């Protein structure tokens, strides 16, 4: 593979993420990894549902008197928006517009950071109320499920940042295009998982 | 690259293997380490049978016995059977589909090293305060009550090696999806490739639940979480579900590649195309699919209620249908063939009745009310050893003989091979057949001793004698390997004479780029087709001779895995709460792992090219043994 | 000649039967010699499925043997290239359809029996006089012993389950610590005792245990529960309904003081050394104790579930419980006796006292 080959929007392939065999392999492999991630989260969700509101006798906190929707709703909107901005970034990637891609990715990262900050605040708030990780089976399951998602957000953000810095000077080519594409795909996955968390944990939790 | 370094020093060879990303060398690494763990697990098995040789024996103490049965099961499943099968998958599958390597050579190496360090970590428990002792199923209530660090070695070790296996599974899937040679359609893939494909899909979907369960247990023991703490609202049945959602597909992860190996053997040594290829492929897929719907048949006595038990009983019975289809197709493959009783074929022939016996007892246990009697008795011990030893281990031994020339370029001695076979087969039936009756006579499994007044003495003695036979068989095999390696008589492309698939059309072992020119596949069993048409080269080509792109070797996979190994020690001793050095060790390990991952992703690694001239030089006979 | 052959056949059949029967294990514990309705049902399923499976094995074996005999390369020639048959849709259909039929034969009794054995609807049905018509026993599984509580009768015993014959006995299973599994092989299949929820099922005892060589059925823990899992045995006495009622009545009586000097000494020690803190000596009460109830100690078949039932073993057991049942929760004598072992005389007294505890005639 030739890293020095310069592309123009005219010579840039229609599907830069799968223009090489390596790219194709990464593309398929990453979808498979997401399948495994899906099973992981499915297991976490199932456990959460089994342990929801379960705890020692006299347990203080249950889902319905703990969760408040406004903050979580704002987080959901922010993450959904960041998914949209990453779509714009990929749109510019496909048009070989590196600067625009970097800019949209930057916005995506900013939104992601805000989301992560809010999540940390949320956890801090709960712990402050006395709802700690070791309080009950319910608290363990809640923090593990939502925390695993948070760790994914953190990883996704680090990935975006590393890619943007590493390729800041050399622009787009068929070697790094699949990497940007997959990072964006990962970001969408994280977003979809959050939609489920919002529904299963928070909405269903508040309803009771 | 390919023409230099004909002779390398020992150090260079070691370094080569530590950094290799070549699927054939990784296969050898899997094979050697899997073989070593197989011997360790075998020794543990012998200790168990010595202890149970007679009533009231005091050869092993109660606690030690539980550690040994736990490590025997865990080692044999995770550290012996799976890696040995992964060795064959690595060595053979890319050759069968005409690929130059797997899709992700770097990840292939990472997968191996993660497995390896995970296995070492788990086994170090013997020297660091005691091995896990809650059974290989590690049921949560007992595991949470277990003292010492045994259980932590189990959870952390299996987490690490589980990541390795998951990576291997994804790698094989992508390889098969993307890297088949021109003309190698899905319905022309050899059955071993098909079973690798389905088994990899099972790995992909089955390992995450196990990992989640292991994490829960780590969190419970490390951070005081309450997933399995009943007094805090936890539920130990969750572990059983997660474990068996993994555990049942795991059985198929093991048995499907075994089916694949036997399918190859039946065709080769009957000199006949596999009967009902299409049906075999669909049976494989169906078995894989059903494998995810039957986990609760391991939990019939948990008290899930009659509806769940009935549904899972019926679902389990259905699996017998595609399995039966396979058995009959194998029978019809040898029917009308020309059977040559080589060592691999002997194993294959012995496999049919052995595995059928294991299969029918499986159906008996699917009958939930009957399983209330059979569950956790010696009947189940007999059953799963008939399946795992009579299926998987026989396949591994058969595959060892069959693919030895392709992996190492020499032939294992047939006479010694047959001696191993007879000792092992007779020992196997002697050990396990009688255990069906021990179970029916009321003997529970996992007991370290039994009273003399229960009528089990004679049968246990017979069983122990059988185990000795198996041990002799394995020792003869080890001797065979050593003698063969010392003699070092090189063999040609198709040492068995009746090879049918692409791997037999290229040198043994193949050059590191496998195929100088990518082959063009014209049908099922491409090499056989070319042979029958009198094509001396054994294949037709899909491309002119040209430069070949190959990946660079790397030490990073080993470093990443080592980092996790170190971090695991930190995590494990951090639980004690009184060891100040534990947290730094944990952090250092994670820094090593993530630092080397970062280094890998920041530094471009574009591989190198083998030029046409080098390939021509190789073809003239300069370098055929596959070393770089 | 012909007759001789017939005799020979009969002889062979009888020999085979004898070998088979001797291979059935002991009546006290073998699932092959069922002594209850549940075990009989399960045994019948075993026979049915074995027959079906024997048929499968037979078919496979016949094709298999014919194939490896007929088609050896040494027989058909070295250079023969067999016809490369692709397969046969008809055969594939055949060996898909026939197993499905065989499985249906198994499926029907499986489903029926699964629901039948889980049917606890008659459990809490009261008889006309207001008492429960069926006996219920609460089983508490503990490291490594069994507690049997009879809530209707207000009595509790341990290590030896006593039940009436000829009626359904319902069991509520619960584990006090780690998971165990309750299994009386010759009476019926096992059910787990989970720590988090009560499991309920029934068994029927069709044979009085006094007819057995050892006088009791053997019960087992069937789920690995720690070092002494293998020793977590219990025994089952099945009595005729009249004998059972008598036993219950005897259990409900207040415990009588020990007789004989040695036993009285033992009784005093039993209180002084706080043994009684864990081991109740009266059969009246409820479950949930830290140690086994010893009200029927003298009537039992074994000490600690598995040791010979004599004073020597009682003394051995008390002197060093960890040696005999590693990991059990009974304190060592040193912990109860100011750091000293019990003297031989104290042990004799304790053993005599324990052996004197009896509710049977």
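Every chain is named by a letter (A, B and C) in the order it is written, and numbering of its residues begins at 1.
Throughout what follows, contacts are C-beta pairs under 8 Å (C-beta built on N, C-alpha and C of every residue); 3 or more make two chains touch, one makes a residue touch a chain.
All values reported here derive from a predicted model rather than from experimental measurement.
Summarising the inter-chain layout, the chain whose CA centre lies farthest from the centre of chain C is A. When chain centres are taken as C-alpha averages, the shortest distance to the whole-protein C-alpha average belongs to B.
For the pair chain A and chain B, the distance between C-alpha centroids works out to 34 Å. Our note on geometry: chain B versus chain C, Cα centroid distance of 37 Å, whole angstroms.
Between chain A and chain C, the centres computed from C-alpha atoms are 53 Å apart. For chain B, residues that reach two or more other chains under the stated contact definition are 234-235.
Listing the residues of chain B that touch chain A in their complex gives 103-104, 166, 170-171, 173-174, 177-179, 204-205, 207-209, 211-213, 215-216, 219-220, 223-227, 229, 231-235, 238, 242, 245, 549, 598, 601-602, 604, 606-607. Here chain B touches chain C in the complex through residues 61-63, 65-66, 133-135, 139, 141-142, 145, 230, 234-237, 270-273, 275-279, 301-303, 305-306, 309-310, 313-314, 317-318, 320-321, 324-325, 327-329, 331-332, 334-341, 349, 352-353, 356-357, 360-361, 363-364, 366-373, 375-377, 437, 440-442, 444-451, 453-456, 532, going by the rule given at the top.
Across the interface of their complex, chain B is touched by residues 1, 3, 21, 24-25, 28-29, 32-33, 35-37, 39-40, 43-44, 47, 50-51, 54-56, 59, 133-141, 144, 162, 166, 175 of chain A. Contact residues of chain C toward chain B in the complex are 23-26, 28-32, 39, 41-42, 45-46, 49-50, 53, 56-57, 60-61, 63-64, 66-68, 71-73, 76-77, 80-88, 91-92, 95-96, 99-100, 103, 106-107, 109-111, 113-118, 175, 177-179, 181, 183, 185-186, 188-192, 194-197, 199, 214, 218, 220-231, 306, 326-327.
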